[in-house]
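Please see the structure below; I have some questions.
Naming follows writing order (A, B, C and D), and every chain is counted from residue 1.
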């Protein structure tokens, strides 16, 4: 009996050491995403997007490095990705939300799953980006949009509500196609409708006060 | 965006179907272990052990078959054992506790990890018995012993407390070598000391009343 | 054994007496901060700030006196500041939030840690203002700002949302630099973003209705 | 504002690093006390006390070394002992319970507060053994005694209940002199009466069956 438990002890301690190493990397990830989030928040203060993007880009490189370290650690225990997955998944969801928000600011489009993998240096067949983590990250990104739109309008960009509403409506419709289980992702998706509603309200405010560029243009045309 | 989400839909639905199939097997496992537990409980009513073992043996075969089906399902998604592991692990812990109790009744020894794998048809490199599940199952088995010892004494077997106490003391000492994290296994192990204490109390009762076979033998010698 | 426990009894009773004395001072602090809070709330009813400040200033003197008494008590047990710290820290956090709000009303700036110490008569090397208590107090102050801004707009001060938003955005960004543990301070800081969002919404309302002084000025220029 | 928060960041990070270093030492303490406890548990299996003591003695030296490391860490932040005290106090309570149990096995007497400090290498004016931690450790030790007495009687030592009962009665009476606040120590002390009651029951069992050596001696005398 003693010899067998000696083996268990070695096994459990190895697993503990592994978790400890993952914990260290996950803590660094948390710290990098926090800085990246700070940088991205400047967009609400109407800083030029190019400047915001530049600041954040450096952090993405750091994240990539950290995922590389994580991949190395997990490479030592093949087939156990999902055993330890819970120890860094919330950091991954935050990272996805940030790179997706950045991408949307740059292009106006949704960062695809493959694109997110590429940006974070994932996508290796052994160490990819879990689809549910990707989708949860996208839900988190959606939570930033109402605030963004409010601040853009305040800064005088009256066309942003229309653009954001279009994007968010499409995103919400795409999510609705999914048959979600009654879990965390489902709850996060359920929250997305409040973002949609808030953006609709802002769009309504802008329209009803004749501030929408389209309306303004029409009005001018009519007056001529 | 739509095409990508079409892919997610397919992916999530496949994962749901897999979970559903696992759920069906896990439910059957739960049912088989429940019957097996009922059979084993007869040992508390002092049925001949051979009869109890025979009844339970048939259920082990069924369990083996169910693990075979589980292995087939998981064979379809290599490297994802730990992704779905939570969906049948409590059934596995119960199964281990039962086959280990059976083995102890038969032999008086601890069923080793490898032995448990063999009995349940596990042990394939891809689909083995997780060590923590094995250890939790052993803790569950320990919970049966105080009741067993009380009923054995009631039925007139005054030597069982000594034997069970020896076994449980060794088992407890072996577990104490492990550096357990502050989790479910730790909590279950912490409960084992109450089993140990209870068996000690029964042994104490038997000794103090001079019912222990060793004492009785000594007394007889002295009287001679 | 008895003699030793006699010593423990004396020791525990002395510690109890100390706690009781601290409790009395802390209760007075709680009472003073409650009155001070009442006074400060008048600012939401648009009373002249000078009047509000005057009323509150008297309470600050009382607080200073109470901290003096606390310092005397703790002077009797050097090196045990943190042993009893929990017994008055929530009162200190409230006190910081009030003097910081007052200072902000007066100057539009954040009351620095050193300034808070000076106002409360702390800052002695032995009996200073714990940094976490200061930061929590600042978070509490931030919770007052959304209500303040709403009432100011109601009273016709359309420029206050801009000023408050500038202050709160800077404060939030400064806090984001900190690597907070997962504790009470972190939770309080997490709440600050709702204050920020609420102030943004008020600023948005004022802008979209053309009530912002800057817009009004521009409009006037255009009309000329 | 930024410069001030830069200072806070440095301050909080230093405090985090300190806590992390303490955490590492506390984890080693936990591991050493676990092994020491395993060694001491052998006393319940009636191993010769000298052997049990020898095994445990080596662990005490390790504990001493760890307290030395802790003292060094805390030496860097004078006056903040009680700020971080919560991070290792439960390990200290366990350590006290073990050295006190060991001392009792050796001498039959209570290990005094000063003696516990000496054994653990504490007692420095700056880094001593908190009295409440000592007392809680003594309560934990008392929890071992009922089990010890049961196993001693089982092993044929019929005089141990009398000795343990005398010790525990005196200890309980000494604790009763203390005016305990309604906290953790009070709760632990309240549990001591169950230990006392159990030992009384064992003593009763031994007496009523005429197994107590005193009675046996008397009986013999009477028979002669």
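Everything that follows uses one rule, which is that a residue touches a chain if its C-beta (ideal position, glycine included) is under 8 Å from a C-beta of that chain, and two chains touch if they have at least 3 such contacts.
Bear in mind that the values here come from a model prediction, so they are computed numbers and not experimental data.
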* Structure fact -> Farthest CA centroid from subunit C: chain B
* Structure fact -> Distance in whole angstrom between the CA centres of subunit C and subunit D is 43
* Asked: In whole angstrom, what separates the CA-based centres of subunit B and subunit C?
  -> 57
* Structure fact -> Chain centres from averaged Cα atoms put subunit A and subunit C apart, in whole Å, by 34
* Among the residues of subunit C, which ones contact at least 2 other chains? -> 177, 179
* Asked: Graph of touching chains, which shape: line, ring, star, complete, other?
  -> ring
* Who touches whom among the chains? -> A-B, A-C, B-D, C-D
* subunit C-facing residues of subunit D, complex -> 1-2, 4-6, 8-9, 11-13, 16, 78-83, 85, 109-110, 112-113, 126, 131-132, 135, 170-171, 174-175, 177-181
* For subunit C, which residues count as touching subunit A in their complex? -> 169, 172-173, 176-177, 179, 197, 200-201, 203-204, 207-209
* Can you name the residues of subunit D that touch subunit B in the complex? -> 31, 34, 37-38, 41, 44-45, 147, 150-151, 153-154, 202, 205-206, 209, 211
